[in-house]
Amino acid sequence: MKSLTRYLTFEIPERMDFVNITSDVEDAVRESGVREGLCLVNAMHITASVFINDDEPGLHQDYKDWLEGLAPHDPSRYRHNRTGEDNGDAHHKRQIMGREVVVAITGGKLDFGTWERIFYGEFDGRRRKRALVKIIGE
Amino acid sequence: MKSLTRYLTFEIPERMDFVNITSDVEDAVRESGVREGLCLVNAMHITASVFINDDEPGLHQDYKDWLEGLAPHDPSRYRHNRTGEDNGDAHHKRQIMGREVVVAITGGKLDFGTWERIFYGEFDGRRRKRALVKIIGE
Amino acid sequence: MKSLTRYLTFEIPERMDFVNITSDVEDAVRESGVREGLCLVNAMHITASVFINDDEPGLHQDYKDWLEGLAPHDPSRYRHNRTGEDNGDAHHKRQIMGREVVVAITGGKLDFGTWERIFYGEFDGRRRKRALVKIIGE
């Protein structure tokens, strides 16, 4: 069994934004030498997501509006913010969009449908954060 | 390490519907010869889900109503639809229900609780679509 | 390839509650002897979740209120409850919070960010339920 571990770092200037990290993950797959296996990509922070969807700016703005409706930023809404934080909303938005994705590796490549792209989703930006890529297989 | 890759195809006559694919995944597990490992099942489209829940028609109708409330179809609501699409809602519904499941294989079988069943969830049907089954283990 | 399977059991006195199971999963990783691999943790019931977030009581109460808003318990709302159940809401809450997490194992340990903790999320408690830990790697 082969394995590879990579850490991706982010410092997103907005509170909420999405970054296409597909090519970073593809680089890791290539470097791993794995032909058949699984690739895990996850946020290492609990106010961020990794998800797979379309690289289309209109959709990304739709997501931001929708998530703001489902879990508004307003710091006064969350008990969590009594700890001195103002990111209670980010812990909720991340649950909707998910922590991680697991992608098949087939013939040495991410086994993706036509429009699948991997995104880091930030909900409490303006600080340094990390995502993890872990590959296992043969 | 053994591995197996299978593609399942769908052409769902409704815009939104759920299909029990548990037996297809069980067939793949059997064929793989894997006794201990992991089985990934994911939608290969960004307007569809793979999820695990109950095979109960009332619940499935509940899910449809609930998802329609959380992300209504109405094409005028989504910037994404300015690209010429009418499936903005499907990209949102899929995020609620998830892209993929990972299931343990123990003793050559899906290691499932009593009521766990795997479903393909379609949110933009009436076209040909695919899901992926990837098994690794020994 | 090494593998290990563990079943965790719960009997939560409340209908909805969250239990930190991080140390149980860490014990399984240690016992497995896996240095590089993947660890799957999933609910074996379709009215429960396994998720990763903060071990902060205010946030957990925020989650409960938010999930109750997104999928209220009121048994009369759900067709599913015509089968004699009263847990239709739990099947919805679990979809928001997710069924499972997959965590990287690096150097023999869960490869976690500072605040990541694993929780069993119960939405239809007061009965005996199970979660599964499956580890594969080398």
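Observations on the structure shown:
Should a chain be cited, it is by its letter among A, B and C, assigned in written order, with residues numbered from 1 in that chain.
The criterion applied here is as follows: a residue touches a chain if its C-beta (ideal position, glycine included) is under 8 Å from a C-beta of that chain, and two chains touch if they have at least 3 such contacts.
Computed from a prediction, not measured in an experiment: that's the story for all the values here.
A complete topology is adopted by the chain contact network, contact being made between every pair of chains. Interface note: chain B and chain C, two copies of one sequence, contact each other through mostly non-matching residue numbers (shared numbers fall below half of all numbers used).
Computed centre separation for the pair chain B/chain C is 20 angstrom, with centres defined by C-alpha atoms.
Along chain A, residues 1, 38, 70, 96, 98, 102, 136 each make contact with two or more other chains. Within the complex formed with chain C, the residues of chain A that make contact are 1, 3, 5, 38, 40, 42-46, 70-71, 78-83, 88, 91-92, 94-96, 98-100, 102, 130, 132, 134, 136. In the complex of the two chains, the chain C residues touching chain A come out as 1, 36-38, 51-54, 56, 58-59, 61-63, 66, 70, 96-98, 101-104, 106, 111-113, 115-116, 136-138.
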